[in-house]
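Okay, so chain A shows up in both of these, paired with chain B first and chain C after.
Showing the complex of A and B:
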């Protein structure tokens, strides 16, 4: 594996789950927890004659960002599409439990240092949600993630970083939506229903799942950024994500709590108004919504660089 | 034993479960919930054995004309936000009440999915289902007793949305054709390319991918199977009381408790081991981080 400085410069999109995890925290601070040496493999895959992975497709561990202990769970799309099974899910839950433990310790021993030492959970999503080979256990794990995210509120932030090949879909699409801060690179995709299912429901004329540009415009990072469903759009390096997390932690928890899109009644009212807007606009394409928010040449917004996009795109007010 | 298939009958189920004539639709306390949105979600207040409860159910007969993918119990964006608003309204009204006086919340579950449309993806169906789940988790953690009863279909993400955040989960037994699964075995077979005969043979003993409430029971995802229609009401009342007792005693309920139950029932044996490995390994290096 490349050394840490090389990792920071490496494409996030191209990186493995372990590279993303190590590069998400400060140099030399990473410790993998429940890593491959523990051989915590899925007990369900061999029954179906499927190969296992020693980390069950998610790299979990801890590092520092400044003085903040950051618990990372990084999903590997190359292993069964990053899908969540029993062990994979338990490891993500474990990251939350440890962040709670650390939060409680700081509050007990040095509560006046909480702002500078506040822990965080970072999930690097690369997943379509539930692993079908152990679907029921995977589903139940998702309920635990949502429970843990709600339980983190008032204590520590949860970051969703999204920018790998598979994106964040299925149940993990709403797990990501429920976090405090969403950071994406331009290749990131976030949604609930995969394009094939939408085509099946609505017909090819309404939604052609083979039209990659259309699929990207519907769930891709630039659309999510305009909608404020992603808080930050960063360049495609691991270091850009790492730096962004550090900068957000420096803003303080009160500012971070304002970055959520759901999680209280006022935000639900805001989102409900958007659902009503969707009826009024009835967009054929995300571009119609971009135009509605004042982007005069919406078709150009996917043609320009990330820096140009950030300089010109108009977001939902 | 009375077997009566309840699929598609969310409104009937409300009538069968709550005290006669007690259901006030689109009202929580004195606060009206918008009645002109989300027809697939039935929300309101009622009484069970004389006690006020808030009820959220699916209406499979309703069609949401503004959202063409929302019918037959599908939870669309409007439905999910309406459900979330109902929970927050209850939560705020009972904020100062102790456990035992906060109104219980009864979820009647019969839903095949979340809105799978283009509009839904453009505007973010993931936020809508996430919002409702966070509201439920907040109410549960605040001390409301939340009991879900699966009367028909509890499919994949829609079960996560409407059901799996409850303190305790009941399901009508398989004789009622109750469906709880992520995907039917035929689809799992197609996607995983594993022979369907092999999957069917394995599903007899392996609850981890098989479809049906009895398998979720073994994984700890369903607390109890309800065998008779007449038992729906007393079972819900009994579980509300049990949840409140557990909460008063500081005992766990909800998804994490269901994880423990999954191990107790032999369905999820590695979950705790993985969590404990992380905790033990972190303990060795904790000094480097705090």
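Showing the complex of A and C:
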């Protein structure tokens, strides 16, 4: 099908939330759940005189990757910056609840096949975190995501795919960090406090948010990949993310569990050692850290193609 | 008593010599003054009430000298009359706050528009007039000649020769006006060197040169990130290419700054190519080196470009394309705002750009009730040059279609410039693009201006393009018909809701209003896949690595 090929070849960065959602699973297997026809809209926005959207800025549904049922939640940055409100949050939690049900069903009916049929949750992040118009509900939703991710341990993997215009910031930066696997394209950005807020609080000398090159080499995918904050860096096509999810699922759950960056004492120690290193190294720029890890021409690392980068970049051991 | 009184004919020169003598203690070698002496130098050569020019436009800025002028002692230097292109740095406004300057004649205020309106209201500024660039340059040679000009360049030698290079912009027109009325010219430069790549301003026009502590500020105003171009802008761009550029065979033109025109530039190698228009349209531009034009240049669309100013990061690319740009004997481009505006006024067939508001009569303005912004050069190009006497295909065709022509000059054949406004019916924050009355009228009252600041007058405007379609306003035989055509393209704005469908139908029959469908534009194709470059990085790739975008545009 030509349309499918077109979708898989399409830039992930350019894609809408719906295109990203459909493209994360195999051709013809996508079903949208709680979609625009159901008109689940925010009860809070109309009170403030703001427009609603029939999907509340997140596309949720299910499809297959191989034999794995994959539940996808894909955020749309064009609607209030992809911010998490009450309905938006509930839809994402719904994806987790369904993944749990499917996991339980497989374990009850065909536990031998769990490895090849193990479900997964994929969140395509494009968000700055809480929707300020409904911030209590939004914050609660964040807590529920964390709860759900915790509850998924030992059952099914959670993927963070990041590579859209807004990036993954604010509370959702924490959520992304708590997932099992993070996949990014070169345009992906991941962080907690957004660049503008850092500048506002700490001053332009500390962080110049207008210097996009600086923003990208601090919060962007290449830095995250070198630091191992991101597990995979892929080309900027929807298909590249889709393929990567398939390949990771094929590795088996034991291997996936090792991809986490937090969640046990050993990993906590590793993060603490990193904090100590940063005090010691006192880097002025990400490039100082890249050089520390053995990259001889750090300023070149942002100029080369993704393929060249993957072939040459040296990562944190 | 002697009968013959001796009339003194060189008071200006004597005055200048006095000032230069006062400045001598600060001169080191040749014409070089140290940066730390700059404030004292200004106090020595500027007299109360002087007309003073701080060079700057929407690109480069004599920012160091502007800051120094803020630091002079208002007891010594006060009541200055600023005559300059722009008020865009905060230092440009601070000199009024501090009582150093009191009056201004200018053409564009961009980011300081709000503060300017406040100052005018509070009586801190006496507002002369708001001009177009060319109009203001004209007055430098009439009644607004600067007594002291604070200019800016890349390099100088000890003799005061200046290299302004890629960003020459306004320097020649200011320096010549000032020096040839015996005024004082001071230049800040990034470095003082022994040998210049070329001389843009001869040293005997320049009195003092100062190496500034930091390179001069330059705004990449004409860079648009293709990643932010919307499908609606692409649709309008398709309509422009098919319904205007192809229809009239537009070969010589200017693109105003904005995403709409960036979309047109990025559609030439794709949609334009598909329509077989290469060589037939868009051959020659008066244009800053827009990065978004790189794909069209690389695909062989463009024969020549003359630039008002230089755009940050484009210097290497431009240098490597000497067949297209105006390159000096040293190999680097020389921009010149005055000549570019002159060409934009007389030698282009079409001006196309965006605006904030269009009224029901077809007057447009970027002014809002609380900001005095000015228009820079847009009105010079966005008008029919009445002094034009050479004919081209596009100009002649538009003139033949001009329905009001016979009322104005009988059956005499005459051409007409195409002046096109691209407009979204609803702009950011749902602000209507079409209004009953321009905010400029309110601004006239609040800021006590002589007339409302209109960017393009209705009698000059020939086409409006919105997502609804194109209104061919010059084909209208009366104001009533023109207003109906505007309603037809005004969508769901209050102006548009007054539309009478039967009337619109008549306009369609007469070819005064055309929808995308009428034009044969396939709306389903109006999406970002049609862009020759989707990101700034794509532009770098198109340029073969020659384009070096500034940090604020690098998302890598």
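The working rule: the second predicted complex is superposed on the first by the 315 of 317 C-alpha atoms of A that agree within 3 Å, B and C clash if a C-alpha of one lies under 4 Å from a C-alpha of the other, contacts with A are read in each partner's own complex, and residues count from 1 in each chain.
Everything that follows uses one rule, which is that a contact is a pair of C-beta atoms (placed from the backbone, for glycine too) under 8 Å apart; a residue touches a chain by one contact, two chains touch by 3 or more.
Computed from a prediction, not measured in an experiment: that's the story for all the values here.
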item	value
Fit or clash between chain C and chain B when superposed on chain A	fit
Which superposed partner A:254 touches (first chain B, second chain C, both, neither)	neither
Which superposed partner A:279 touches (first chain B, second chain C, both, neither)	first
Which of chain B and chain C A:216 touches, first, second, both or neither	second
In the superposition, chain B vs chain C on chain A residues touched	B
First, second, both or neither for A:108, with chain B first and chain C second	neither
Three-chain overlay, vertex chain A: chain B-chain C angle, C-alpha, nearest 10 degrees	110
Partner chain in contact with A:307 - chain B first, chain C second, else both or neither	neither
Touching partner for A:187 - first (chain B), second (chain C), both, neither	second
Overlay on shared chain A, then closest C-alpha pair between chain B and chain C (Å)	10
Residues on chain A lying within both footprints (that of chain B and that of chain C)	none
Of all residues in chain A, those that touch chain B in their complex	29, 31, 33-34, 38, 40, 42-44, 47-50, 60, 62, 64, 69, 86-87, 89-91, 93-95, 97-98, 101-102, 105-106, 117, 129-130, 132-144, 146-147, 149-151, 153, 170-171, 173-178, 190-193, 197-198, 201-202, 206-207, 218-219, 223, 227, 229, 261-265, 267-269, 271-272, 274-279, 282-283, 286, 289
In the complex, chain A residues that touch chain C	11, 13-14, 165, 186-187, 210-214, 216, 220, 222, 302-303
Parts of chain C lying in touch with chain A, wherever the complex brings them together	227, 528, 534-535, 551-556
Parts of chain B lying in touch with chain A, wherever the complex brings them together	37, 66-69, 77-78, 81-82, 84-85, 88-89, 92, 114-131, 133-135, 137-138, 141, 156-157, 159-161, 164-165, 181-183, 188, 191-192, 194, 198-199, 202, 206-210, 215-216, 219-221, 254-256, 258-259, 262, 267-275, 277-279, 281-282, 285-286, 288-290
